[in-house]
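Shared between the two complexes below is subunit A, which pairs with subunit B and subunit C, respectively.
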Partner chain A sequence: MLSRHVLKQVGSCPRAARRAFATEVSSSPASSENVAQSVRPKKSEKPRISTAVILNRSPILTKAPTPFETAFYSYQARIRRALSNPFPHDFYFKQGSLLQTRFNLEERQREKRAFGPSFLPTEDVDPEKAAADKAAVEQLAQQEGEGEELTSRTHKADLTNDVKSLDRKGQRNLYLLLLAEENGKDVWRFPQGGLEKGDLLHQAAQKDLFAECGEQMDTWIVGRNPIGVYKPKPASNEPQDHVFFFKGHIMAGQVHVDGQRVKDFAWLTKEEIGEKVDKDYWEVVSDILSDC
Partner chain B sequence: MATTSSASRVAYRLNRFGRAPRITKSLRKDRATHLPIPHVPVLTTREFAPNRLKDHYHTTLADDLMYLTYTHEPSGVERKAPRQIRLKFDPEDPYSKFRHNPPVGGSQVGKKPAPPSTPEDTVRLEKIQIHTFIKESLQNKSALLSPIMMLRALTGETAKGGGQHAVEGIQLVKGRKAVGGWIRPGVPVGAKVDLRGQSMYDFLNTLTEFVLPRLRDFNGIVLPPKSSSSTTPSTVSGVVSFGLPPEAMVFFPQLEVNVDAYPMLSGIHIHFVTNAKGKGAQDKARALVSGFQVPFVRR
Partner chain C sequence: MSLLHSARATPLRSCIAGVRHYAVKKPDQTSDPIRETLRRVLYPANVKNRASPVGTWRPDVARALQRAIPSVQAHDTIERAWLLHRRYLRKQREAELARKFERMREAMDELYKLDQTLYMEANRSDDPRAKSQQEMEMMKKMKMSEVRTLEARVPGLFPRELRIPTETPPRDGWNYEYKPFQRPL
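Moving on, here comes the complex of A and B:
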């Protein structure tokens, strides 16, 4: 199926070879002319097929809400709280238990935050008992390890703008870009390599990725079908190139480039890639890359 | 002066109410219930919090699933209608004119082709249905109380709860037909709940983070053997189903806190309902569900 698809894309194989098995060769002059034309293609015109992998690091942090989202969510949560059905206290808590005291204290806080300080009527409890409750709840929270400092959402790599780190820009999709020498000049492109005879496209993609980026990473190529094709303008007397793109995910490890053919690498967001790659390359890949 | 400045500081906060607005006019009251009637007929709640799994679907899964489930069809070429090889009685024949006239050889439901692959039609989770059948409730209706409370605690769903008008909450499942000496129509035999949107993702999150990793003898949802038929109605309806035994229920944190409150914990059936339809729909649904870290194994 796949090889048939590739053949169709390339469109250079002789018509006779694509004929369905059980059909008769028609002897009309038109078809013999066709055969005569299609036998002709020279070896040098045979297109070159290569595969490229768009290696993706998925977001590792949840998206920070925009100011609009913050306001919207808070408004909706308030309506939800106001219209929610009453909570069955006695089903979940033993009367007078510490967990119930904690829940009541926290619930008062949440009500206050949602509906304003004047919403709740003042409780008439013994101040001594209230202080004791509060101390007990605080002790419970300490035992359960609450209040520990959370890791910052901004990584060190964000501050130093270290484009080689996989920890940078945790909220965005990152893609691997390589700095390679092509036709005597340095260009930024995705990991890429040629197709050997007998290889299937998706197998070739995995091989070429390892060949350029080292084997010290865990990757997964998504599916067996290419997700895009790039046909650069060929130089005169050169065969046409077809670069088939595959999507991949990096699960663990890091890229190691040899420094000879591939000089450098970077993990970049969509916008950053747009600044680095050529215009016609960008037109092909921009819709494949994720905006978020 | 100091109070006004602090009030305005509060007002600028996006997620804080400064003070509830002063009530200038009291609301009309319902004659029957004596409850106030709000100014607006329907107060509807939309999404009320960011959602991690939904974000994960849109940033990562949707793209991957589109690539994985794509079937190429040449553009601009209409699909051929299936060849009518199955015979029917002549529809013009007065005998068969107004009669049910299915094709000879049975229903073709399982052979329905999948719709063409488009970005809009990428497989997505529509709802999760949780269902529990209680055999004891045939003799004793109060045996249903514990499972109903369990489903409420698991999902937090109540009918129209929180201003969500399409939410039906926990529903009773009633017998549909009479089976000699066992079940009668209209007898409550179980409970079910449909989860959509936020609560659906919340439940999925709890399941994959807290429950499945703690199950000792669960390696994954068992896939049918390769030789099984691919044209049954279940394979073309895009639903993934599995069940949890009563012993597994204590691993849900919602139930863990007060297991003693339930006289009898019952197991549940979980159905992941997706929008996939037609041939290969169940495989697409499995690809989606496994993307949410629900494991599958082949025996």
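Moving on, here comes the complex of A and C:
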């Protein structure tokens, strides 16, 4: 069932089975049945603990402000401009310098934008001088250069909707989801694995993550506490499974799946996970994931 | 008597209205434009009856405010809308945290019922300064630079590689070519 666990179970079961059936040979069939029956219910009562990791890629970009927020901020900026002191440009700039001219031109533009073009009194400046100033400022801008081009907020992965990319949806939280085979069916779930003997839960979570997703990632499990528990409905006579979720962060690298039991992976936002995952799994997991 | 005499003896102040005694320009000083500007900026006039670069509002403040604010009622409505918006965001955030915490509490309760030792271990907090046995053994075999990398990530604290969100993404994007470093569990 669980890759790391398989060997251990194979190792332990024959011994236990042999011990259970050892009494059959010596005693009568009736007593051996009783012994077998007494062994089986004890096994089904013992619950199974597994650990899973919800690997999160935190947002890379700050949230874009909503239209209401932008409008409010510009409204507040206008009020602040109306109430504040005029900037002492003759203190901060050398008198008559080109930078001062540039600043005054830009400041005039800003005032016009804030209060309207008819607000400022018309400057009684010589038109030739004004044109000369403007030309000089433009030349300065050319000399200073364009400046560095800022990287766009939408990445190529956003346009192609590449779910394997870690650059997609910079503003949102992305979570790792694996397409794995369980009981013959292909299900989308978080990386999961069993618990070895002597391991603590958070250590087992880290090991399971590396086992299912490869070691080519820089990950960090947050603390020792599980953040959620999933109890799937057990088939009759099967022990109750408990899957403890742990939160992890990925800082660098990428997932490499082996392709045998784990067939595919995707980095998805909360709503996209809701579309892919089983309903009872989603009931638990939806409370753990972040909306934004 | 002597005090009065000494007061009379000091020269009369030059006529800069509203400037403090220590900021007054001495008559024998040369007029340096930088000095004048500094003096004006550092010691603004007390009397504010005309525009000045520091210490007073812009002269057309009333007119500017009229342009900025549509009306008193509109301003109040905008304020209320903003507070409502902030309240909505705050309630959303608090509800999400409450849901997450509820799931954590549920998980810990289940763990308590299942396995006592695992529960006690999960509740213990890490000492950032303590080095585990595994760490000590790993450190013996490593080079000095690797030891520094190992010690850089302190258990129980956030790793420094967690990036703060920015306005624009990094030029090179996500680092897909990460060379793994073995760390103790």
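We take it that the second predicted complex is superposed on the first by the 227 of 292 C-alpha atoms of A that agree within 3 Å, B and C clash if a C-alpha of one lies under 4 Å from a C-alpha of the other, contacts with A are read in each partner's own complex, and residues count from 1 in each chain.
Please note the rule applied: contacts are C-beta pairs under 8 Å (C-beta built on N, C-alpha and C of every residue); 3 or more make two chains touch, one makes a residue touch a chain.
Computed from a predicted structure; not experimentally measured.
Of the two partner chains, subunit B and subunit C are each touched by A:227. Legend: residue contacts after superposition of the two complexes on their common chain; A:114 is shown touching both subunit B and subunit C. Of the two partner chains placed by superposition, only subunit C is touched by A:244; subunit B is not. Of the two partner chains placed by superposition, only subunit C is touched by A:95; subunit B is not.
Look at A:62: by the touch rule set out above, it reaches both subunit B and subunit C.
Of the two partner chains placed by the overlay, only subunit C lies in contact with A:201; subunit B stays clear of it. Of the two partner chains, subunit B and subunit C are each touched by A:78. Between subunit B and subunit C, it is C that contacts the larger number of residues in subunit A. Shared-chain residue A:218: touches subunit C; no touch with subunit B.
Judged by the touch definition given at the top, the superposed model places A:173 against subunit B, while subunit C stays out of reach. Residues common to the contacts of subunit A with subunit B and with subunit C across the two structures: 58-59, 62, 69, 72, 78-79, 81-85, 91, 114-116, 119, 223, 225, 227, 249, 290.
Taken in their complex, subunit C has these residues touching subunit A: 33, 37, 41, 51, 53-58, 61, 63-65, 67-69, 78, 81-82, 85, 92, 96, 99-100, 102-104, 106-108, 110-111, 114-115, 118, 121-126, 153, 156, 158-159, 161-163, 165-171, 173-176, 178, 180-181, 185. Contact residues on subunit A toward subunit C in their complex (touch as defined above): 47, 49, 58-62, 68-69, 72, 75, 78-79, 81-91, 95, 114-116, 119, 150-153, 155, 165-167, 170-171, 200-203, 206-207, 215-218, 220, 223-229, 231, 242, 244-245, 249, 251-254, 284, 287-288, 290-291. Residues 5, 58-59, 62-63, 65, 67, 69-74, 76-85, 91-93, 99, 113-119, 173, 222-223, 225, 227, 247, 249, 290, 292 of subunit A are the ones touching subunit B in the complex. Of all residues in subunit B, those touching subunit A in their complex are 14-20, 43, 45-50, 52, 55-56, 58-60, 63-64, 67-68, 70, 72, 149, 158, 161-164, 257-258, 261.
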